[in-house]
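Shared between the two complexes below is chain A, which pairs with chain B and chain C, respectively.
After this line comes the complex of A and B, so read on.
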């Protein structure tokens, strides 16, 4: 990777994170939504008598799915304000690097949110997150990266359609199903202290496929 | 490095609507072109195509860099810039942060002093640390101009650059457009400024190019008559 590419990559990443740190608009709404979701599942499980600990990985990935979808949509909408996306289109850089930077900034925000949700899982769902913390962290990082790799691509595809707010989750959901299945299983295995290698390898493969597709297609999709 | 554009029978359709119909012309180094026409004449559509922001439905659009045909859009974009109705700047970043971002995005490596100098040129030197969203419409337009000038383009496309500017802002903009190193294409409804600044004029009407004229062949009165002939209202 040449110095110039790194410079562009870090410029986009820093710009996205600085904007979010300043406005906190996307992070706060996504986090609060996740907390509400965790609480709803907590009370539903209490009344139905379902074992809470068994619900924790599913609940966590539900939060990632819904909050991530909201967050990705809003991140892209903020790029549309003032026609900022046009500055990106007109820049003499490969769109692939812009895509990777956007995936990283989206994933980073989502991972921070997940790390803040973990104590809530411990508190309310009595989850022991220390049994295989390395695998848990790997599952969350790889799963989130795959999720945002798909989402960052799909949100650009649906951005210029009339029903973009409806179309984005509808198109995104089938594409993130493999990530969700692998993410839930890898997280579950890690929380039980088991090895999650197979699921983690699957997540690596999903990442490679979607990141490569995004890198190659982003320029074309951004311009269209 | 010189940049020139030739287009032949360029058309653009949006569904059934014809926005531009068989327009042929050329832009050479040193050209300062005002595109005039009433609303819906196809001015902005043409500008977007020339700035590589949209593709023509039919016709030929040829870009030449240093006299050689160039199909590499990324390479071309290194030499052109666009100032539109939208400022293309981030509301939650300060004026300087926005310029720093554009500086790195376009890989220009301008120093901090050069960025401040650019702010000074557009009359915004005291507002470098102000968030873009807290700037007035006129200030945003000045910053937008700084953003467009930062990559030091060979060819600048301007869509209504004077909107929201006070008299001082217009004067500063006029001074910046006098740069001999840069060609530009300007879309405006401001007939007097359009005449004053340009050396060529394209007058569009309902997607067709009605007139392409040199300034030396045209008095101001004749120019106004032509513009009014295409149903325009003189704001001069």
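After this line comes the complex of A and C, so read on.
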């Protein structure tokens, strides 16, 4: 059983990553969207007199949230063409493993995008990202995992509705508010060179709860 | 109305009146905040059944996914609807109290934010089913969202302890230095908690009955159409 689980898990993960490596459509569009967001956020908050450096963790997380939402929606929609999703359901393992593979691939893509956004933060927002890079990395990885854990589940929920493109962000964004708050605070602490242990612990708790819930509930969403 | 319902309604009415009298008349005004503090009895009275309703959504959704009995879907839907109403009461009574006390109607405080988030999540839970065309999928998809949404509730509660907050400390089961001291205040609080819990149960029972009647009516109508040969 465990060998089969592992092979299905890695097959789905490899398939998702390879598809994205070949087309690069989601990655390029969400990365460009993030660059535009960084510019928009700067001009939207310029008049308030907030210091550039103080804005960077919030700006980074807004980019993660919005371009992550676009990306998740797009990855799920690409599964729906040509009955790909139906074929995926036929995999001889519990749905939970498919869910975990999806979370991993979505999170990996998003984390790569974040790593590319960091130099842009240095460039645009004069951020010093080297003060506590370990905590910064931990905050980004844990936060992104928590974000995709909820998003991968919600995207399947809203895919069953009439207005999936509109409903997905409306249902998804309130559910990721705890992740956003903890992520912004942990990132901010890391950028200032401090430790962010209690926020990271909070993120670990969110991850545990929502990954477990997703693992158990995904099967129910796959029924036809 | 059945006998049980009548008794329930009479008790609910009596307790609600007593809660009103105690909260508005007998309990002394707050030493610092004055009369505006009285709204707190109804504020806390509403959040408690609000949380209760959302836990019931979690319970009912799990029961539905296990048993696939539609009654659990109806029970949790009604609970979600009532919870949404109570949550709205909390979100309106809060600002009424906050303006004279804090000076602003709304502060982006952890507890306020989480209640707003909860309201948004359950608004989605109650309304998502309207957008699902497939009758057989509707309860299943809603149940999953109900569970995910209700799992947020512990994080809401945790947030009051972890985040910095200007919201008053928990009055019930809180620290020793927080809370209310006068016995009449306590009586008013517990009366209103009891009254609102009774109100929640009463509304829930009526709602479930209405839903089941609606389902039966739909079934009968379909049968009638079949008999008529349509």
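The definition used in the following text is that the second predicted complex is superposed on the first by the 215 of 224 C-alpha atoms of A that agree within 3 Å, B and C clash if a C-alpha of one lies under 4 Å from a C-alpha of the other, contacts with A are read in each partner's own complex, and residues count from 1 in each chain.
Rule of thumb we're sticking to: contacts are C-beta pairs under 8 Å (C-beta built on N, C-alpha and C of every residue); 3 or more make two chains touch, one makes a residue touch a chain.
Values in this document were obtained by computation on a predicted structure and should not be read as measured data.
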Check your understanding: With the two structures laid over each other on chain A, which partner does A:83 touch: chain B (first), chain C (second), both, or neither?
Key -> first
Review point. Now for A:154: first (chain B), second (chain C), both, or neither, which partner does it touch?
Key: second
Check your understanding: Does chain B (first) or chain C (second) touch A:7, or do both, or does neither?
Key -> first
Exercise for review: Identify the partner contact of A:217: answer first if only chain B is touched, second if only chain C is, both if each is, neither if none is.
Suggested key: second
Check your understanding: When the two structures are overlaid on chain A, which partner does A:23 contact: first (chain B), second (chain C), both, or neither?
Key -> first
Check your understanding: Thinking of the overlay built on chain A, is A:31 touched by chain B (first), by chain C (second), by both, or by neither?
Key -> neither
Exercise for review: Can you check the complex and tell me which residues of chain C touch chain A?
Suggested key: 65, 110, 113-114, 117, 120-121, 124, 128, 131-134, 137, 140-141, 143-145, 147-149, 151-152, 154-155, 158-159, 162-163
Revision key, fill the gap. So, in the complex, the side of chain A touching chain B is made of residues 4, 7-8, 10-12, 15, 18-19, 22-23, 81-84, 86-94
Practice item. Could you pull out which chain B residues touch chain A in their complex? Key: 51-53, 74-75, 77-78, 80-82, 84-93, 97, 101-102, 104-107, 132, 147
**Study point:** Contact footprint of chain C on chain A as seen in their complex
**Key:** 150, 153-154, 157-158, 160-163, 167, 170-171, 174-175, 177-178, 181, 198, 202, 205-206, 209-210, 213, 217, 220-221, 223
